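Labels run A, B, C and D following the written order; every chain starts at residue 1.
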């Protein structure tokens, strides 16, 4: 499959993945190498992802690892892909999203460690997420031992299916006792959404400490703000030419 | 109306609005494009405001959108004005203030999400606000569906009238489950007050967590500090020449 | 008195005061103009202090206002001294300290707004303060109306006398519903101590939130750390040549 | 002993210690001079450590103080070593680690002041520490008076022995009412681990405030993450050439 596509798509995916990985430290989302971004092209069955454990300042487009999504095989690159690659592959295939980001950003991780869904307390979150951001269940010991990162992806997909949440409308998840995955139409949008997640996670933490009896945003206001920015009735921003 | 005023006032308003919008990221009040500032000239019936969704680094004086306040019509500019423009227009007309700022700055938003008035716990707040900063009521579903941003402005005005708060003495409001609006004599002062709001919101959050039985600042101390800086007996700063 | 001393002491005090005032924003202790530093020479009866309301970036040594402490009169300078000058004068005279700093630094102000003494929870505080940092009582309405800043100084002195705290061993105070005053042998040491106060105030806030039943540092450990750095048995740092 | 080794090892230890000490302010772990790092070579019986009270910006490799670990004697250098040197010596000898860092970094110190072990709430901690990070007991008054820094080291060792914690698997400790010590294979790794400790201490603080009934990370997940990065089955990062 890879050969027939030529090098063009591979090059674009690598550059997109590089750009997104470099944005992680710039946006304050990572400490050391605690995060990775990938770019995915469904038609080409290819995903470009950060190599494992390499500092961001040493990354180049060429160092991004190219993986064939359906088989999980590395098709180009001398470096090992991120150890979280199997989770990226599941999300790419099941959610069909063009960009995925995993970080241990502080406040999203706090909610994940607390084992709590992130409720939608305000319009800042509603502008990007059409409701709560779910926290996954515990992985079972056998899932952890027999393909940890793969089962992490399956647990995310299961959570969205069980709660009937559309991953396009809620492009993030909290992994219990772990951290977050965030996605978007492409790798850049995934980073953007990861910044939003981190900010709303911090706001929600303090709002809840301030008022433990806090209720969530009224449904009409949530819907209004999400629809100001998404779908056919959106009127935020400039008209596309 | 606009023609007779010539271009001078329009140019000044645009420059003032540009300056204030550029100050928002510099003062740490915004993430991405989450905020907008406007400058208003009551005599000219004109308000200059940020275009919707445009990154701050791309703004120019020319890109500020000029709106005729009484009619709500855009009189100059090819870009859409901020989606929050109708709220600015209500505050400009009803409060008569020369500058208005809307941001999702973190700690002011926390109080808004918590649905709580911001009490006045200390002289830092009393130096700028003569008491509590009110949080508005929920908007009704029909208000949200039939002119959300306009009714947001009306709800602010209603809150100040109902509580008999003078908007000159308390130049800020918290929008329940949303964020804040702040104003001032001009757009620069509105930004200044937004910085103050953010700082006192953070201080008040921590003070309340530290001492849940916290009482507000005694009335005599509140009055003293507000009057040190405002009105005929003010003695803070240098004499005006 | 001033004439006989010549210009030398005045010049040195001004430069010391300038340096300390410029350090306030650099150390993150102030927003806008919310703080002032003074330098005091007891033998010369002179104190140099920041002019009121002037931005730090506009300060020069020449703009520092020179006040005769015993009379409270400005002896040099065209600008009004800080509105907090009467508090500085009381502390200079009563405590005999060479430098004084007043800021609304965030976490010290949080404790002041909470109306709580800052307990000594650890050696970070014990390295600089030989115990708790007291919070003053409310000022009476007549004190507020008849010389607010002067009575603020007297309330500080009263608090230290009543509790038998030596101001040399505890060079800071919290003003209820207001902020902090900090002092030292000279203006530079006062700024240094203000940085320490802010850091230990933040640490103590979080420690208390984490463990509401927190006890203070054991007396032997407090004494040990304070004496490692102060007095005849100090062994921290390098021997003075 | 020192003579026979020549100058080579001494020079390398000094440079390693210098590099680690300079990293402390760069990583935001210290205020003023509140921290020190050392590098240790067990075969040479030598440890290089920061001189006491000297600002980081004035440090040079030559200013690092060289101590013979078995005797505790300074073998090179005109400056006094850090007042915490006896603690470093105990940890070097008892734990055999190549680098040690002591700082009053904010959030680790908060846990130490709260007198609480730092539980392992998530994989961020599990990637570096195979479980909780213990908080030491109070030192007894006679320990404080008769060799405070030496007994601090002994109390750390005692804590690890009593709880059967392997210092290689948990390279950090909280000192009750004081701050933290962190170690690693060399001084650079000790600094790295100190950054991790600070980050996980902050995350754990907020997670606990958000959910007071928080449980620790499940054992299988803890083990999985620790073993992804440590030991024979590690698969994080790139293969060593």
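Assume contacts are C-beta pairs under 8 Å (C-beta built on N, C-alpha and C of every residue); 3 or more make two chains touch, one makes a residue touch a chain.
What you see is a predicted model, and the numbers here were worked out from it, not measured in a lab.
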- [ ] Compute the shortest path length in steps from subunit B to subunit D over the network of touching chains.
- [x] 2
TODO: Give the chains in contact with both subunit B and subunit C, ordered by label.
DONE: none
TODO: Taking CA centroids for every chain, report which one is farthest away from subunit A.
DONE: C
- [ ] Please state whether the interface between subunit A and subunit D is built from the same residues or different ones, using more than half shared residue numbers as the mark of same.
- [x] different
Open item on the list: Quick check: how many Å separate the C-alpha centres of subunit C and subunit D?
Closed with: 34
Open item on the list: For subunit A versus subunit C, what separation do you get between their C-alpha means, in angstrom?
Closed with: 48
Task: Residues of subunit A whose C-beta touches two or more other chains - done: 209
Open item on the list: With touch defined as at the start, can you tell me which subunit C residues reach subunit B in the complex?
Closed with: 31-32, 34, 51-54, 79-80, 83, 104, 106-107, 109-116, 138-139, 141, 144-145, 148, 177-179, 205, 208-209
Task: List of subunit C residues in touch with subunit D within their complex - done: 121-124, 192, 195-196, 199, 202-204, 206-207, 209-211, 214-215, 217-218, 220-221, 224, 228, 235-239
